[in-house]
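Both of the next two complexes hold chain A, though its partner changes from chain B to chain C.
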Partner chain A sequence: MSRTITLGPREVGLEEPMYFRVEVEGETVTGLDVVAGQVHRGMEHLVMKRNLYQNITLLERLCSLCSNSHPSTFCTAVEEIAGICIPARAEYLRAIADEIKRISSHLFNCAVIAHIVGRGTLFRGVMETREIMQETKEAIYGNRMDLAANCIGGVRYDLAPESAAFLGREMERMKAPLDELYRIYATDADLTARTEGVGVLPRRDAVACAVVGPVARASGVAYDVRTKSPYGAYDRLRVEVAGEGAGDVRARTLVRLREARESVSLIEQCLAQMPAEPACLDTLPEIPAGEAIAKSEAPRGELIYYLNTDGTDMPARLKWRVPSYMNWDALAVMLKGEKVSAIPLVVNSIDPCISCTDR
Partner chain B sequence: METAHNDTSEPPLGLFRINAGSCNGCDVELAATAAVSRFDVERLGCRYTESPGEAAIVLITGPLTARVREKALRLHGAVPEPKVTVAVGVCPVSGGVFRDSYAVAGPVDAYLPVDVNVPGCPPRPQAIVAGIAEAVLLWKARRDGVPPPTAGSLPESGGENAAPAGVRGRMRFNAAACVGCRMCAHVCAGSAIRFDEEEAGLRFTLWHNSCAFCALCAHYCRTGALAVTEEWQLAHRHEEQYRLVEQGVVPRLPCAGCGEPLLPVPPELLRVAFRETSPEIARLTALCPECRQKESIGGTRR
Partner chain C sequence: MTELSEKVPAALSRRIGEEVAVEWRIDAKGVMTGWCRLRQGAFILPAAEGVARLGGRLSMVTASLSAGARQRGVREIAYHFDLDGTTLTLTIELPLEGAEVPSLTPVFRNADWNEREFMELYAIRVIGHPDPRRLFLDKSIEPAAFERLIPYSTFTNGASSTALWAKVMTRAGGEEAP
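And then the complex of A and B:
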């Protein structure tokens, strides 16, 4: 007999409030509906009440896990409209900030996966490794989550030689723990048993759902904005796109761990290539009327901003498409036929961000 | 089962989290206080719980969206008395950057009593732990039916709580360097800054409970009148919430020509504008725009 149950945040073990209506037969999931809106803060309305400067700070709080991707992509759209070329150094510094956030975000997701499968020690271990990143962010940007790195015309932080050397050392420190985490998640028999073949999204469905980010790459779709349409400094960086084919929870976790390791290499490349010059334009630009689209690869996948201006410093329209939105629908495919008890694990494996999806 | 216990064997106090529509920044930091040994809340005699019935201290994050309000209030109601409520981050206190949205029903204290605030956006885990420590003191006083202790001495900000240089704490205002251009208020996403015209001059007020600690105001302040400090330890009792302000008055001086009050031009601005100043420039700064205009008409052209 089929019935419908409602699952809330407590049962799902997320940091964010997310509700599901799940159809089940016995203990098996047959259908799924995401009940959205708990974190709806009216962001599309708020961004129209705030000028372009205020939006830099507001958009950083669209979601704190991808918090650098939002303002940097937004500033890129503003700069496109104003015809501003930001200094190359600023492009590298934006990439550094993005990659630092990617490592932290991916590690947080891997930690939660460990937590859900009941591996308390591993959970704490991943969180401790992530602390290296948190402390690095705090030392360089002054905050562990929201970096406040961007401004129109560039970035508002710089890496003096000592800070660049510090960042380089911190990246060196990350390598061994990241390699070790990859080894654990790839080879641990118990973890593999819990995550292999679970929540499978076959390549065909990944394409049909147009999923993005690590979810796509774990299903064999090698789509990454950093290589497909390079922005900022990425056309000068060597980006290895991580890929897996199995499309299950395990593959998605492994893609994230490989990407975290790749981010370390990208930061090192930035530090090596970054020219010495000012990190921001010195003047406040006029923003003419116009429209622009800017894209980036946020930790959860492709992020798209659309901005329309009317010559004032209030946006005429500002809209964005966040990666989690694209990945929601695939949950119905991943969960069909799974046990109800697998829901938290599978839901977490798409690394859902409610905050930016509900906005 | 509850048994009689003395101070050394008290069962841990349950910490219950309610996400009232946050950007997840504060929630991720709460997870850090639960997972990372350095922040460990167990040292305070606390433990996170997923069940409101087992909790003593409620940690609430987010601006309280209209959509989540009823659920959040119900969960809060399910925590038994005596409970203590901690607002984590500026969102629950003022709405933070999400102020004035149709979708935001906060501030939280419009619906339930809040006891402790932890400013920050998000706050450092060390600040959250300080707020929890304060909540534990309040809870014990309530349980014992004694008046709340005077605000507890917050943990030292040195030692393992030490912040690295450059941590973004509260903003500081230097009235002597302010030109009254109000660019800071213009760029502030949380409307944390306001200017009021007063007889004595232009009053600047910044409410730390609405500030996202983004430092954009300082970035766009050409004279350096606004600066970021490293003071991050701002946890406080809720009744103190409006004391957490930075204030200053930019005095008006009489114009050297006609005597009308004017905002003087601080040397910081002159340095930005002219690099070096001269007695002639200094003399012009003491004049109101009208007198300066007269001066220009009467003066010799270059």
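And then the complex of A and C:
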């Protein structure tokens, strides 16, 4: 017999308020309706009431895990309209901040996967590895989540030689644990049994739902903004795009772990290539009227900003679409035919960001 | 310039049935963006079909009602498509009153949420949307929220700061106003 159940945040492995109306027959999911808007903050309205500089601070508070991607992409849009070329050193420093955030974000998601399948020791191991990155952020930026790294015309921080050496050593510390975590998630029989063939998003559905980031790449869509539309320093970095084909929970987890390892390599490349020059422009031109698109590869995938200016220092319109936005719809495909007990695992496997969605 | 600069206008013109010009920009990294204003709002559906035929993806939809557009007596919607790394923005103008636009959901599944969202924020009707429910805002809130909530935004913009400062200074026994 068909019936509808409502799942709130605590039942689906999240402690953020997204609600699901799930149609079930017995224990099997037959349909899904996502109910968003529980914490909608009207931020797209607020940004039009603040000037371009104030908005950098506001946008960094959109969400915590990808909190560097928002201000850096916004700054790129402003710089595009104003014809500002930021120093190459600033481009590398933005990439470093982005990649540090990516490692932390991906490891957090993989840790929650371990938690949901009841692997407490593994959960702790992943979080301890992530803690290296959290402490690195605190040492370099003075904060563990919001880095306040970006400004129009460059970045607000620099790496002195000793800081760069410290960052390099921390990256070296990450390599062995990340390799070991990948080995565990790829070969552990218990984990494989829980995640393989679960929550499958076939490639054609990934294309139809227009998903991006690790969710798309785990379904065989090899799209990464860092290589498709290079920005900042990425046109000078060697980026290996991680890809899997199975489109299941396991594939999405493995893509994230490979990307975390790749981020270590990218940070090392940045440290090796970064020229010695100022990290920010001294003076900025007036921001003229215009419109621009800026994109970046946030931890969860393609982040796109559209900025329209009218010659004042307030945006006439600023719109952004976060990578999580399309994943909610893709959940309907992933969950159809799955058992109710698999819902928390599958929902977490899209690395959902409610605060990004309910902006 | 890549072959897209020729393929895109040709595909749009063929679908719409009249000549369409696209302005292309290339940034410092060699990434291309295309910008095009369609003459009629109804053209967006055939144009989207043209983009889909080229393998495009709907990235985002930006509805807006800027002061400049309002002065011209119009509102705008910008549809942003991805063509393997190149972003194509097709903008349409709609009237301030009675604005309606065809749904792109028959062409792009992910138009669903984008259209539901701009329906609740702006006074725009989407014709043919398969599920035109509210997406984020509670059903008890009147529609076109972005166009009505100015008093709240003025409040959040710190409009009360002068009065607050005067109160603080009065209590501190100092000057009454900054």
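Heads up, the rule we're going with is that the second predicted complex is superposed on the first by the 357 of 359 C-alpha atoms of A that agree within 3 Å, B and C clash if a C-alpha of one lies under 4 Å from a C-alpha of the other, contacts with A are read in each partner's own complex, and residues count from 1 in each chain.
Throughout what follows, a contact is a pair of C-beta atoms (placed from the backbone, for glycine too) under 8 Å apart; a residue touches a chain by one contact, two chains touch by 3 or more.
Bear in mind the structure is a predicted one, so any value in this text is a computation, not a measurement.
Colleague: On the A-aligned overlay, A:270 touches which partner chain: chain B = first, chain C = second, or both, or neither?
Modeller: In the superposition, A:270 contacts neither chain B nor chain C.
Colleague: Let me test your reading of the model: by the given contact rule, A:143 touches which partner, first (chain B), second (chain C), both or neither?
Modeller: The answer is first: A:143 touches chain B but not chain C.
Colleague: Regarding the shared-chain residue A:40, is it in contact with chain B (first), chain C (second), both, or neither?
Modeller: A:40 sits against chain B and chain C alike.
Colleague: Who does A:191 touch here: chain B (first), chain C (second), both, or neither?
Modeller: It touches nothing on chain B or chain C.
Colleague: Determine, under the contact definition given at the top, whether A:159 touches first (chain B), second (chain C), both, or neither.
Modeller: After superposing on A, A:159 lies clear of both chain B and chain C.
Colleague: Looking at A:49, would you say it contacts chain B, chain C, both, or neither? Reply first, second, both or neither.
Modeller: both
Colleague: Under the stated touch criterion, name the partner, chain B or chain C, that contacts more residues in chain A.
Modeller: B
Colleague: Go through chain A and flag every residue that touches chain B in one model and chain C in the other.
Modeller: The overlap between the chain B and chain C interfaces on chain A comprises residues 37, 40, 42, 45-46, 49-50.
Colleague: If we count contacts the way the header does, which residues on chain A are in touch with chain B in the complex?
Modeller: 9-10, 15-17, 37-43, 45-46, 49-51, 53-58, 60-65, 67, 108, 111, 123-124, 127-128, 131, 134-135, 138-146, 148, 151, 156, 284, 353-355
Colleague: Can you check the complex and tell me which residues of chain C touch chain A?
Modeller: Those in contact with chain A are residues 27-31, 33, 35, 57-60, 62, 64, 66-68, 78, 80, 82, 84-87, 89, 108-110, 112-114, 121, 134-138, 145-146, 149, 153-154, 156-157.
Colleague: Which residues of chain A touch chain C in the complex?
Modeller: That would be residues 36-37, 40, 42, 44-46, 48-50, 80, 85, 207-210, 225, 228-231, 235, 291-293, 295, 302, 304, 306, 308, 310, 316-317, 319-321, 325-326, 328-329, 358 of chain A.
Colleague: For chain B, which residues are in contact with chain A within the complex?
Modeller: 19, 21-25, 27-32, 35-38, 50, 62-63, 65-68, 71, 96-98, 100-104, 121-122, 124-125, 163-168, 186-190, 212-216, 219-220, 228
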